[in-house]
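Note that the chains take the letters A, B, C and D in the order they are written out, and that residue 1 is the start of every chain.
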Amino acid sequence: MPSPLHRIAAALALVLALPAAAEQPFTPRLNAGDRMLRFDWPALSIGTGEYAEGPTGVTVFHFARKALAAVDVRGGAPGTVNTDYLRLGYNTPELDAVVFAGGSWYGLEAATAVATALKDDGARGGGFDDIALSVGAIIYDLGARRLNEVYPDKTLAQAALRAARPGVFALGGEGAGRFAMSGGYFGCAAHSGQGGAFRQVGAVKIAAFVVVNALGVVTDREGRIAACYPDPTWPKGLKTSDLLAGAPQSRQGGWTGPPAGQAHSGRNTTISLVVVNQKMSWDQLQRLAVQVHSSMGRAIQPFATVDDGDVLYAVSTEELDPAAGGPALAPVDVGVIAAETMWDAILSSVPEQPVAAKPAFGPPPKSETLESFAGEYVFSPSVSIRVSRQGERLFAQAVGRRDAFAIPRASPVALLPAGDAVFSVPGRYPLTLRFDPGGTLTLNPGHWAQIGRWMGR
Amino acid sequence: MPSPLHRIAAALALVLALPAAAEQPFTPRLNAGDRMLRFDWPALSIGTGEYAEGPTGVTVFHFARKALAAVDVRGGAPGTVNTDYLRLGYNTPELDAVVFAGGSWYGLEAATAVATALKDDGARGGGFDDIALSVGAIIYDLGARRLNEVYPDKTLAQAALRAARPGVFALGGEGAGRFAMSGGYFGCAAHSGQGGAFRQVGAVKIAAFVVVNALGVVTDREGRIAACYPDPTWPKGLKTSDLLAGAPQSRQGGWTGPPAGQAHSGRNTTISLVVVNQKMSWDQLQRLAVQVHSSMGRAIQPFATVDDGDVLYAVSTEELDPAAGGPALAPVDVGVIAAETMWDAILSSVPEQPVAAKPAFGPPPKSETLESFAGEYVFSPSVSIRVSRQGERLFAQAVGRRDAFAIPRASPVALLPAGDAVFSVPGRYPLTLRFDPGGTLTLNPGHWAQIGRWMGR
Amino acid sequence: MPSPLHRIAAALALVLALPAAAEQPFTPRLNAGDRMLRFDWPALSIGTGEYAEGPTGVTVFHFARKALAAVDVRGGAPGTVNTDYLRLGYNTPELDAVVFAGGSWYGLEAATAVATALKDDGARGGGFDDIALSVGAIIYDLGARRLNEVYPDKTLAQAALRAARPGVFALGGEGAGRFAMSGGYFGCAAHSGQGGAFRQVGAVKIAAFVVVNALGVVTDREGRIAACYPDPTWPKGLKTSDLLAGAPQSRQGGWTGPPAGQAHSGRNTTISLVVVNQKMSWDQLQRLAVQVHSSMGRAIQPFATVDDGDVLYAVSTEELDPAAGGPALAPVDVGVIAAETMWDAILSSVPEQPVAAKPAFGPPPKSETLESFAGEYVFSPSVSIRVSRQGERLFAQAVGRRDAFAIPRASPVALLPAGDAVFSVPGRYPLTLRFDPGGTLTLNPGHWAQIGRWMGR
Amino acid sequence: MPSPLHRIAAALALVLALPAAAEQPFTPRLNAGDRMLRFDWPALSIGTGEYAEGPTGVTVFHFARKALAAVDVRGGAPGTVNTDYLRLGYNTPELDAVVFAGGSWYGLEAATAVATALKDDGARGGGFDDIALSVGAIIYDLGARRLNEVYPDKTLAQAALRAARPGVFALGGEGAGRFAMSGGYFGCAAHSGQGGAFRQVGAVKIAAFVVVNALGVVTDREGRIAACYPDPTWPKGLKTSDLLAGAPQSRQGGWTGPPAGQAHSGRNTTISLVVVNQKMSWDQLQRLAVQVHSSMGRAIQPFATVDDGDVLYAVSTEELDPAAGGPALAPVDVGVIAAETMWDAILSSVPEQPVAAKPAFGPPPKSETLESFAGEYVFSPSVSIRVSRQGERLFAQAVGRRDAFAIPRASPVALLPAGDAVFSVPGRYPLTLRFDPGGTLTLNPGHWAQIGRWMGR
């Protein structure tokens, strides 16, 4: 239990920590992750940066030499940088970096910052054949899914670029996929992330990377759902095709699912990248982008909806030149293999899902303990949670501009004890509250934790 | 056996029947088919026309009133009419008809002829708000897959329009799908066709139509291959995912498969149409087109490759207006249901596959019988087959601009007796030759028969 | 004066001449014109076909060998064929012909018929690298500007293709420009046509062709209006910039001008073609198309409005290969020179404008003469003119679906005598009526004459 | 003359002033300018920011409420943010700001920084209907035209946004137009800038803004060249049409002109914005964008070339709703008036051109004076100028990665005295060198000055 003095100190710290206008005072966490794809390809370096305070992040794909690129954009809510240039049909390699980021349109700052970092660092200059070209796309990881609006900014993106290294890519909830989710269409609200896969056929190298923030459910080659918090009424063993066959009745008003009748939203988006070392002309790359993007409708169902804003970049490092007589694949074969690699990448994006805290069956916590937890915990300027005690029960109510997950603004919800200082709110999705020494309240302790600070009563 | 006189008469008839320049002297066959989708929707009439001489055909979708439309084009070899207009974002219903045809780019004549027929018939005029708008797309059903270049022309398309009727749609190898094929990527060379499906959710009607002429294999919801002539070396029970996992080795140089290394071709193309009665704005229709088109990558694998030129039209008849308070679905739900309907439509397109004639085990045909079959049989100005006897065996060799299926130009191939006047050429694909009274040679008797006429020795 | 018997015969002839459904029974007039652009370029043949009964027509540009092409589409009402294919970025020459036609969307039949004629004639076949590719665009020359809806059809287009010859191009109201007009935005209602120009810089050949059916006014390099029937209230010597500065007040409700507040229309469209012999990549051709199309806003003001549907094709015959060390221009220079050539072409499209018949100052025609003119003259199933006599004056009134120029349906308009059998209707635009022996009434005798046949009283 | 100590101090200052990696340590200059367009429109605020060290800058157009937008992109080298979203056809107003910037692709950081500033300041949040949407475009003002690669960065753009105010817009070389140029195609190398114009027709307000960094020459309505340093061989009184008629011979290898034969470059780009208060649907806005963009080919000739990357945004503030019965213009009229307003805006962008320093005719400077000027002056990490004395003459030679205007790296060029400490290099373009107390060398003193610091000998 924090002492009153401690609490005042905490409150002061919070005030001091609140971002001044135009500045996010967070510390980049670089190249985090415990599940890594490793592959041999010196021409491509990858760096990730994350702000735990979101959490949110950015992933930078940096090419050792200028590369040729094409793009395919689908769905209803894209956020992009420099795609117009990629559509002009030039066969001149000009691309330096592809940047994926969270933070919705705010995350595009990360994409532009990679180009300026390349110039600031002297890697690129101002001659018209020497300007850095970075392209990018973002996912929507704001709104109801976290209690703040932290976004990957210039500082984070430039740090990630400078930390980039070849041959390693973090899988799961890291980088731009730090707070990705999937399956909102059926109310799954599964945590998702970034995925990657690599194949080599002879001398041809093909890598696929993806940040899966899809309205649809991730589906494996047997048609099984890769991750979903099921509705309690669903029968066991449902496959994706079952859910689709039952639409729209199989949709349940879930965590991030769009309400019926809504015209469009920016709530989802799957962004992806295919890289090949085989030299391909622009029209071949463009066809490759279309083919692989279309194939992704198998691994994510539904895909490319009005509530997605899917973007796929296809890039050739041009290291392997068929015209020079080297080994090469037919472009359509590159597409088929890239599509299968992308399916692997999508499946690899799924992290282990958090589980709900188990109810505690011992005697209830003492009143004074409960009382010590009471107060208002600030998560961001938008959302606080007010914790109050009534007798031997603790209640929570959201305050501010929106609800805090299953803790509504409308009325207090009772918390179920699940440990000494741990409580839960029952429901389809895990919602755990842990009161920590020092006056913080952690929602969903773990990889996607949201932390509020005690601000008084 | 035809008498010499008979043969001369036949040859004369052939000369007379050979098309004069700029005219295809064939008789339209209208609304053929024995497997019909039936549904209740007076606002949409459908007519098909076919030339058995191809065989090839056209399918006309005619709307009772001007409808709103959007289009999504993918892949490497589209043939289209009036798509630019559909991309302007207008919310004014202007579409009269969608026309699908065989004949590659030549079949676009069918699309434009529907508009002029509407004018010639007085249904549409010249006021700028009264001009007929027909859009269209074609499939490639020429080249190696038939021995002539007959195409759906103005005459055929206008006849099909005038024969259009609501609520009936022929499934399988009819209309524009008359000589569609699928699975060329893996050498499947399966016959395909046109498919259709209809769903009603409350008052919302959704229909999907498709002509499956895909490089990919048609795949059902369990991942099984719907139709394919398998390579003899394949293990039993292969699923589509197995073939894809084995690419490019699992590709076999098949009937219509593109050779490795080929940049692009117009050999395939899946063209499709989604119709809804719910009023949708142009941007919603456009999103619907993208969503459904992406979903088709499940039922056809691979999809939207450089060797396809896929086109999907989305049309709203605007009969059901959500703004007027009527029952309606969220646009994303329309997309999900339309995507499932489209999968049904694709599966319904698969006709029963022809089987090879069984070898006859009796005594071989007599020499004089064999001798009576000898001669040159003309299939079109491009291809003839020369039949010759050597002892008790019959041989066939192609003459002209290209091979006749497994009958090459390079050297004669021996024919295996399979009946009195029936022979076969063994191989992965059925190839049956039947000598008919009257001096004709029918290749692959049945729905996709090719008929050659005796022209002398 | 026609005798009664003569009149009956004429009426019968008219009935017989009325097109049966689905057939336009007109005789093509090929390669007409008295003002010719001549140039030396064997690789490009041009043919025109016209139906005097419209009048309307088609212009076919046929390339001796497959050529590379790009397209730029602008404005609010395009009608196109096969543009999607041209946007795929391929560097493989595939184009056979560009077809321009009148008849609005109906004229697209002409574009598709050129491809089928190439196949029917054996010039092209069915191999996927041998299929004829024709692209096309149309202008709107229907509606209020003529009294019928005759359109360039398959028969006309195929005849024009077969009549094509190199080095000659008819200027003015010929081919697809047979009934083009310009300046409707300011009520100019000037007759326009097709224009062409050719420049050679060293070995580089550049040709520009255009059918000017623009809402804007054709403007020369000094800013002068090339053709316009001015509003009587306008001061003398107005330049295009004066009219624009005075907009919207300078607009007068003219012949073809769209009424204020109208969302969009298909009433205009300028379609154009740039051909170069220098080999250019697809991206260079695409840039060329954009540059030249943008430059046309100088010669046509306003340009690319919602009431235009402008389309420009850029084609390289690839005869001169810079990579082979031959003489060549920088692509941007090709664009600049092509833009100036296009301005020349636009100016060359303007034909001599018809003038109004002068009023006759002698004694008025006799009553019986006037009486012999009375009756209903049929111009098409849509419009007739009913001529009646009241005392010594003749009156005309339109009957049918729309007005006949300044002869309204609402009430009879008095005709001013201008010769023995010639009358006029005064107004901003010339409107002359000539009663001919044989029972026909010719409106605006001359190049754009409309002919009605006496059908009784 | 600076003392040695002074010089050491200066050198130290320079070292300290050199930007550390990833940071531009410059002070924003906000809303500068002495020639202002003023107009009454509270819904639109405009702010500019500049770094004198470039000089370069940014212009931010911020809308008081979410606005509807469309975009038209042309030419060969665009740099854009979020254009894909604008093409989806939505009729929902979502735009917050349009950002124009110098700095080529690096300047896109300015565009994304405006969105994040709106969030950081609390004006926008994270709800999917509350996310800030900023779009943007950039011009190329790097390369040969200045001696550094300073770009408008996040700091500058956010300062400009926060300084935005309604009704005032700086004309000429300010904001994003700080170092714009025009006419490079003919070697004009004229300084250009940003222009603006405003018209009101009844209640309809139309504003046009443009940053003219065009390959073409700015041209007025009489066809006269607005600004150009003519080649000495040109006759007097040349009009733009004369230069075009003489192409390609009329091109001279000028300052920024691309060398002949060059495929494409990012050296130019005209970016523009049309704002109307009349409510227009997305399709109307899109047509407006196309119409106005096409019209700009009159005021800038040539336009939309491969060496431009032109982008135009069209925005409606929706304050005046025709559907509500208010006064309104037909969309095509809005386009015509907006096009004329844009021409005015383009003409207003031209600043007074610098003139060359006049040669001094007195006695030459003393040797010791000249000697005191000698040394190496650093302009940026890329370029220095080495000044040396030989007898009574001063010489300059560029050092580093590229030439310093007419001061080459190849060999020293003699400087002509033009005052006490002022010299010039004769040629087509003014090039003045002024040695200042404190050890700086100012090239072209005045608005576009480049300042080098003495770094030793």
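Observations, loosely collected:
One rule holds for everything that comes next: a contact is a pair of C-beta atoms (placed from the backbone, for glycine too) under 8 Å apart; a residue touches a chain by one contact, two chains touch by 3 or more.
This one's a predicted model, so the numbers in the text were calculated from it and none came from an experiment.
When each chain is reduced to the average of its Cα atoms, D sits farthest from subunit B. Counting the residue numbers that touch the partner chain, subunit B and subunit C have more than half of them in common.
Centre to centre, using the average C-alpha position, subunit B and subunit C are separated by 38 Å.
Rounded to whole angstrom, the centroid-to-centroid distance between subunit B and subunit D, based on C-alpha atoms, equals 57 Å.
Counting only residues that touch two or more partner chains, subunit C has 76, 88, 90, 263-264, 283, 287. Because contacts link each chain to all the remaining chains, their graph is best described as complete. Interface residues of subunit D, counted against subunit B in their complex, comprise 88-91, 281-283, 286-287.
Put simply, subunit B touches subunit A in their complex at residues 74-76, 185, 201, 215, 221-223, 241, 244-245, 247-248, 251, 258, 260-264, 283-284, 287, 290-291, 293-298, 301-307, 322, 328-333, 335-337, 339-340.
Contact residues on subunit C toward subunit B in their complex (touch as defined above): 19, 21-24, 73, 76-85, 88, 90, 92, 104-106, 108-109, 111-113, 115-117, 119-122, 125-129, 131-134, 140, 142-143, 149, 151, 153-154, 158, 263-267, 309, 311, 381-382, 401-402.
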